[in-house]
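So that we are looking at the same thing, I have put the structure below in structure tokens.
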Amino acid sequence: MRYRTGAIAKRLLFIPVAVFIVITLAFGLVNLTPGDPALVIAGDLASDEHVAEIRAELGTDKPLPQRYAAYVRELFTERSLGTSFFTKRPIWDEITQRFPDTLELVVLGLLGAVLYGSLLGTLSSYFRRRWPDTLSRTSVTITQSIPDFFMGLLLIYVIFYIIGWAPAPVGRIGLLDRPPDRVTGAVILDTLIARDWGLLKTAFHHAMLPVVTLALFYSSHFAKTSRAVLSRALNSDQVEFARACGLSELRVVGYAFREARTPVVTYIGILFAALFGGAAIVETVFAWGGLGQWAIDAMLKLDVPAIQGFILVVGLLTLLVYLLLDLIVVALDPRVSYE
Amino acid sequence: MTAAAAPPTASLLEVTDLRVQFRSRRRTVHAVNGVSFAIDEGETVGLVGETGCGKSATVRAIIGLLKSPGRVTAGSVRLEGTDLVGLHPRQLRQIRGASIGFVPQNPFGALNPVLRIERQFRNVIRAHGRGRRAEIRSTALDMLDAVGIADPERVLRGYAHELSGGMAQRVVIALAMVLNPRLVVADEPTTGLDLTIQRQILDLIRDLAETEGRSMLLVTHDVGVVAQYCSRVLVMYAGQVVEAGPVRRVLTEPAHPYTEALLAAVPRRGERLVGAQGTVPTLLELPPGCFYYDRCQYRSDPRCATEAPSLREVGPGHWAAVHYDKGAGST
Amino acid sequence: MALVTLSEVRKTFRRGRSEVHAVNGVDLHIEAGETLALIGESGSGKSTVGRLALGLIQPDEGHVTVDGMQLDGLDRKTLQAARQNMTIVFQEPFQSLDPLMSVGRIIEEPLVIHEPSLTPAERRERVTDTMQRVILDPGLYERRPRELSGGQQQRVGVARAIVTGPKFVVLDEPTSSLDLSVQAGILELLANLQRDLGLAYLFISHDIGTVDYFSDRVAVMYLGQVVETGPKAAVLDTPRHPYTEALLSAALPADPTEQPPHIALTGDIPSPTQLPEGCFFYSRCNYRGDPRCATENPPLRQVGPNHWAATFCDVGSTPVSL
Amino acid sequence: MSRARLVLARALPQRATEPSEGGRAGRALRALGKGALTHKGLTIGFVVILLILLAGFFAPLPHDPIQPNPESTLQSPDGEFWFGTDRFGFDVFSRVFASARLDLPIALAGTLLSIAVGIPLGLAASNKSRWSERIMRGLDMFQSFPLLVLAFAIVALTGNTLQNIIFAIALVNVPRFIRLVRSEALVLRESRFIEAATAIGASRTRVMLRHVMPNTMGIVLAQASLAAAHAIIVIAGLSFLGIGITPPDASWGVMIRVGSQNIATGQWWVSFFPGAMVFVTIVAFNMVADGVTRLIGRAED
């Protein structure tokens, strides 16, 4: 047990270093990449004065160390991520406003991916080399080979246009619906709080296709991992011994599941962090209006401070998720002690 | 062969003409090819043979745990008269653990790494009936005490990875015998353990079997283990029992040339070692005659090449699958 | 002077925060053409001694000399060149062969390294000769290791070891993963090679039977120390250290009429991360009685002609019951 | 007669064969060829990719892929426009095949670049020093980052030239090659045959180049195929968002983007055919990866 607290302390001590790395990365992305953002923003026909103006506004006319110092100073003293190059709004506000929407999408999408993927993986490993295995592996091959945005379009065509089960891909709720009072910022949660059941249904309806898209695309990770780990576990000596002791199949599969627990949880953590950016395309397809869509817009418009702020926030979020992940893995497995 | 399988009194375990195949799309491995033997109440039978001789497949067929794609294609396994082959999985589950205790080779692999030992006892006991937590706990403590664990309380609270190899195997034995099975099947229970520990574990298994009058099937590749711990021995080669009989007789006067070669390969001071000639058949296709024909130095009988010999009695309780009498003058 | 000498060799490995004291002051010597068997249980440090004897790992303290060359502190190039004279055969034959290389190329590699002046044809001839010498069909030249049986794989390992004509070979449990009938063939081969080529062997084993069959002298290791050493017959027939006595009694004779008394030991081997005080065997010893046992680590003392044991007590005297 | 030849053919490998003069590469190729015959998936995947690539460059296309015909916009598939046209009047069929000229070479170039960087770095990081542990920890973090978005940002900020897209793809894929090569090399370095190589006097370089590296190549090849599939997704994603390849250049992502505006109104063909092509390409790469994994005996089954 002492080893474990030591390991956790070590992780905590690592945080400042990691934060520093993330900040540097966000800074370096804009300032160290070859090419001059000002030139890209200004376009090919811009005059030198115009380019210089943009440079001054971005701060890229000053020497690198000075810029870096200013960036870090602003970050820590004013807790500011800067303001958008185009809307002039504080980037922090832009991000926090959209964060809950993306969170909702990511949580629901991941939930679907974990459930569907683990189901496929379990069927696959338990009925190894029989028809459920073939079926599940074919499904995985197909879903992992269709890019998420294309899958979204296919779903829109089939489910919305042909069958008509889903509403048009216009965002969280219909264009004419009045949004719920903003409490958490997450539409589904807010309609729940407002007890507006009709709107809740609409919100779920609108969330259906994007969630299914994410769930299908990312389920292959869980299907493959759980299949590999469960197959190994179901063939392991401990499972054989459990069977030899007369334990029920349900209990035996439970033994195997415990083996798969750690890698599945790890994947959930990794994808959770990655999806804040990874869901961006799906958000765009469904006009979801979350963090990802905003970031993509910023990239298209070359809103440099916004891109920088987005990278920083997502990086820090990743860091946080990884820390939690470490703690959970330690709690799940008595063998992990981190020497 | 049937003669060996039908002893006058009913035995605890009767295996009759057992055949196991591992069939995949590309090939079929004939792992066990007509094995028959019986184990009486209270006796310890050794099953000895080298890698790939089918001893592991035989054992797993007995406890109904053949790994896919292996399956029993013929024969029966009768435990106290009930045929385990083709038994409903639920009934088979009731027999495993309760009537047949299984001691596997690798104790660390056999224990669940993330469950406390106490929980594993509880799972085993509750799989065969009800039990209150406290009762199960005291049963487990008694059992751990019986397998010679000095601090059972602490072991019960802990996890598998905190145990030494010898301790882990003791815990496994305790789990396998906690429901007092009539038959214990031990599959190379000491392979991988140190010499001094091996002897302790074997003594322990023997003592636990003797005091309760249990029968035991001890699978091993070590002639020494058979010589010191078994009363009868079955020698397996290429998926068949080629010789069976009382240990003293088989190990001193082997009737089958394979047994003889196996014994000649045991290193002894001052004696010249004789390595085996030829190779084991692949078991993908069964040869027409005696499976040992290619390697045999006594082959002389014309039937050797064409007809597989069946077990015949060559002495009191001593059976061998040969066409000729080795003593009666050969090359 | 002996072909191989290890004097006061110590080696500690760091594993995370703890230190594993694998070898704790070992003296050994091996004469040209003889076989010294190193017996011990897992964790006794016998494999580490084998690797120290070849300079595959460097000792923390003490010296290793092979054929007049001191291996510790040697620069890498010279050490690499010296490997022409000394080599090793491993326990797991398959794992010790590069799965991508053909049998011929595996056996050839030492020649490529140590005798670069050979032409490919000459090399091939040497390889074929060596294959015949280890009774391996030269037709297997182009085969991959996985197409071979365990016994054949080990013959490839032996061929690779002897192709450059070494004087000293460490045999690290060369037959313990093989079947009995295959083991016999390998042991026979190794004995013949020793006779024909005058090889010196350090034969690492945990199997008393093969040691009895195969060796000239025996050294018994316990917790990183040699507790007893001497001529084979002396050590195996009249053990003088209580651990040797217990170890020998644990061996199971293949003859059912033979039933040696079993001297049971209590407890497990102490962890090599925390060496005990006094005699390392104190916690499991049936003879402890001398007051020094608990406080002093007994040095090797002579107990017979060329026969040494690290003990204060006399095995054979009545064991003190616990 | 035919039976005799069969028996002879079977007996051949038993005989002492002459030293093969084909050399290492030749033998590796032959092994791969032999593997391709026994592993259908590998062959099919490989042939499909090759066909798509060749069709992109050499197939006679019915219409000019980068010259729209304003008179026939949003036509559904028919005898003249096999896959229909989009709202600018581009022929979908011609563009679907022409896209392979850009998308596939970029994906392959990006993958090759990431291998070229990843293998040496991975090998270098395979010593067990504290230093390399820390680097890997940092790499872990970098890899856990939403790399896809990072790639988008980089291309957006540096401009959508071919080099920048290739660079972004390499950046996304390099960490997994470093990680893969390192972890493989770490396992290999502990293995007996590496110890054996040291024991016969092989130098460190020889051990690394002759024993460690060749034994990582199989799994690297499998991973490269997966990386190429991923690269196809990244390129399509970039172009779909309007960051990567831009019209009138043909790219599957661009075509899906154009069609996405019509899909909710039922003109499915504009997006569907390029999407299907992406799907086929990715499946082909995955088949190659599966085949290689099986070939080197690392598959789960």
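Order of writing sets the labels: A, B, C and D. Residues in every chain begin at 1.
The rule we apply is simple: a contact is a pair of C-beta atoms (placed from the backbone, for glycine too) under 8 Å apart; a residue touches a chain by one contact, two chains touch by 3 or more.
Given the structure is predicted, the values throughout are model-derived calculations rather than measurements.
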| item | value |
| --- | --- |
| Centrality ranking, top chain (CA atoms only) | D |
| Between A-B and B-C, the pair with more C-beta contacts | B-C |
| Centre distance in Å when chain B and chain C are each reduced to the mean of their C-alpha atoms | 32 |
| Chain A and chain B, separation of their C-alpha mean positions in angstrom | 53 |
| Geometric centre distance via CA averages, chain C-chain A, whole Å | 55 |
| Gap in Å, rounded to a whole number, between the CA centres of chain D and chain C | 49 |
| Multi-partner residues of chain B (each touching 2 or more other chains) | none |
| Of all residues in chain A, those that touch chain D in their complex | 14, 18, 21-22, 25, 29-30, 33-35, 37, 40, 128-129, 141, 144-147, 149-150, 153-154, 156-157, 160-161, 168-169, 227-228, 231-232, 270, 273-278, 280-281, 284-285, 292, 295-296, 299-300, 302, 304, 307, 310-311, 314-315, 318-319, 321-322 |
| Interfacial residue positions of chain D with respect to chain A in the complex | 137-138, 140-142, 144-150, 152-154, 156-159, 164, 229, 233, 236-237, 240-243, 256, 259-260, 263-266, 268, 271-272, 275, 278-279, 282-283, 286, 300-301 |
| For the chain A and chain B complex, residues of the former touching the latter | 128-129, 235-238, 240-249, 251, 255, 258-259, 332-335 |
| Contacting residues of chain D [partner chain C, same complex] | 13-17, 19-20, 191-193, 195-204, 206, 211, 214-215 |
| Residue numbers on chain B that touch chain C, as the complex places them | 50-51, 164, 166-167, 194-200, 203, 221-225, 227-228, 247-248, 251-252, 261-269, 271-276, 279 |
